[in-house]
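Take a look at the structures listed below.
One chain, subunit A, links the two complexes that follow: it is found with subunit B in the first and with subunit C in the second.
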Partner chain A sequence: MFTQQKVYHPYVGPFDPCPPVRIKTYQTPPQLYLGFQPPGLPQFPPREALRRGTLWPALFSPYEGRRRDSAP
Partner chain B sequence: MWVYEKKLQYPVRVSRCNPRLAKYLIEQYGGADGELAAALRYLNQRYTIPDRIVGLLTDIGTEELAHLEMIATMVYKLTKDATPDQLREAGLGEHFADHGPALFYHNAAGVPFTATFIQAKGDPITDLYEDIAAEEKARATYQWLIDLSDDPDLNDSLRFLREREVVHSQRFREAVEILKEEQQRKKIF
Partner chain C sequence: MNTSVPRDYYQLLEELQTIDFVLVELNLYLDTHPEDVHALQQYRAWSERRREVKARFESRFGPLQPDGAGGPGLTWDWNRSPWPWQV
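Up next, the complex of A and B:
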């Protein structure tokens, strides 16, 4: 399944000073995959497009932010 | 020539007075990957890019100025009624010493804006690759700002700005494809 967030598992050393974060994430937004935008793609209704920042569902990239007490 | 519309591109609402957040947001005002750098970079590159791409740089460069205005509005709202004490506690004491209540073009660490933040090489592919990188860096900056912010209204505007970076990156990538040509040709290299 396609997702705009990828995951990796960094090495955890035996003497790491901070509590280890075992799962780290990074963003892979849609412009990395779309190539030259094909004609005739579906569109958001105008009002929704203005709110989202794009007319194109194919280019919409949600970012909720991480919990502020969790490490990046 | 530009035509000014006396409204923001997207509404900016701030839930509560929080000068600390303003200190972080200023990164997108006068930082290396901020909106000022973006606008100046694109609008300057227009003169030495093939005709087909000039309009794109004009459009995106102009939109960056609209984003700059949104960021300025956020910073202003977050700080406008703060006392010197509050500003000092928020890490803005040094800023206040130099600029009082004014905004200024520097990054979150106080480094002033400089033209060395941007580049124009006059080689179209080189310049567009810089522009794509600039959009991705600005997108990442918005992610970190959203992570730092606990203001839901402000985050709504920041998400809009992040989405615009995504769209701009897409358009610059398409500009590269236009300049590469050879797309439709069956050619074996």
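Up next, the complex of A and C:
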């Protein structure tokens, strides 16, 4: 399933003082790849734009919160 | 006196908030795309629309801001409750 959330796996050493965090997540929203926004992109209707937090669907970036299994 | 606020107080306020959000988005977009005429027309249309909604709101519920542009009110009522955070 396409998601803007990516994961990486930090190195876990044998002498780590705290319990290891095996999965770390980070977001890759569309503006990282968009560069200069082209004119005339399709837009959300105003009320939905307010809900989604952006006027342009191309730039919409949902945030589902930390992955459950990524908690240490 | 604790007057409860009618329903369309919220609807008008939400409409105003929605239009404000669109205006902010277009504002930021136009900052980097000053030559985009379509967006500029859209911005003007929405700001006109906002003026209408603000006028409708203020005619019924009093001024939104104490800038005196509220309108014909004869009483000093901008600080009359309910305040936005009480609503």
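Going forward, the second predicted complex is superposed on the first by the 63 of 72 C-alpha atoms of A that agree within 3 Å, B and C clash if a C-alpha of one lies under 4 Å from a C-alpha of the other, contacts with A are read in each partner's own complex, and residues count from 1 in each chain.
Just so it is clear, a contact is a pair of C-beta atoms (placed from the backbone, for glycine too) under 8 Å apart; a residue touches a chain by one contact, two chains touch by 3 or more.
The structure displayed is predicted, hence computed values, not measured ones.
In the superposition on chain A, A:Thr54 contacts both subunit B and subunit C. Of the two partner chains, neither subunit B nor subunit C is touched by A:Phe15. Looking at the shared chain after the overlay, A:Pro46 reaches subunit C, while subunit B stays out of its contact range.
In the superposition on chain A, A:Gln37 contacts both subunit B and subunit C.
Taking subunit B and subunit C in turn and counting the residues of subunit A each one touches, the greater count comes from B.
Comparing which residues of subunit A touch subunit B with which touch subunit C, the overlap comprises 36-37, 50, 54, 56. Of all residues in subunit C, only 17-19, 21-22, 25-26, 29, 32-33, 36, 38-39 touch subunit A in the complex they form.
By the touch criterion stated above, subunit A contacts subunit B in their complex at residues 27, 29-31, 34-37, 50-54, 56, 59-66, 68, 72. Only residues 36-37, 39-40, 46-47, 49-50, 54-56 of subunit A touch subunit C when the two sit together in their complex.
On the side of subunit B, the complex with subunit A involves touching residues 10, 139-140, 142-144, 146-150, 155, 159-164, 166-167, 169-170, 173-174, 177, 183.
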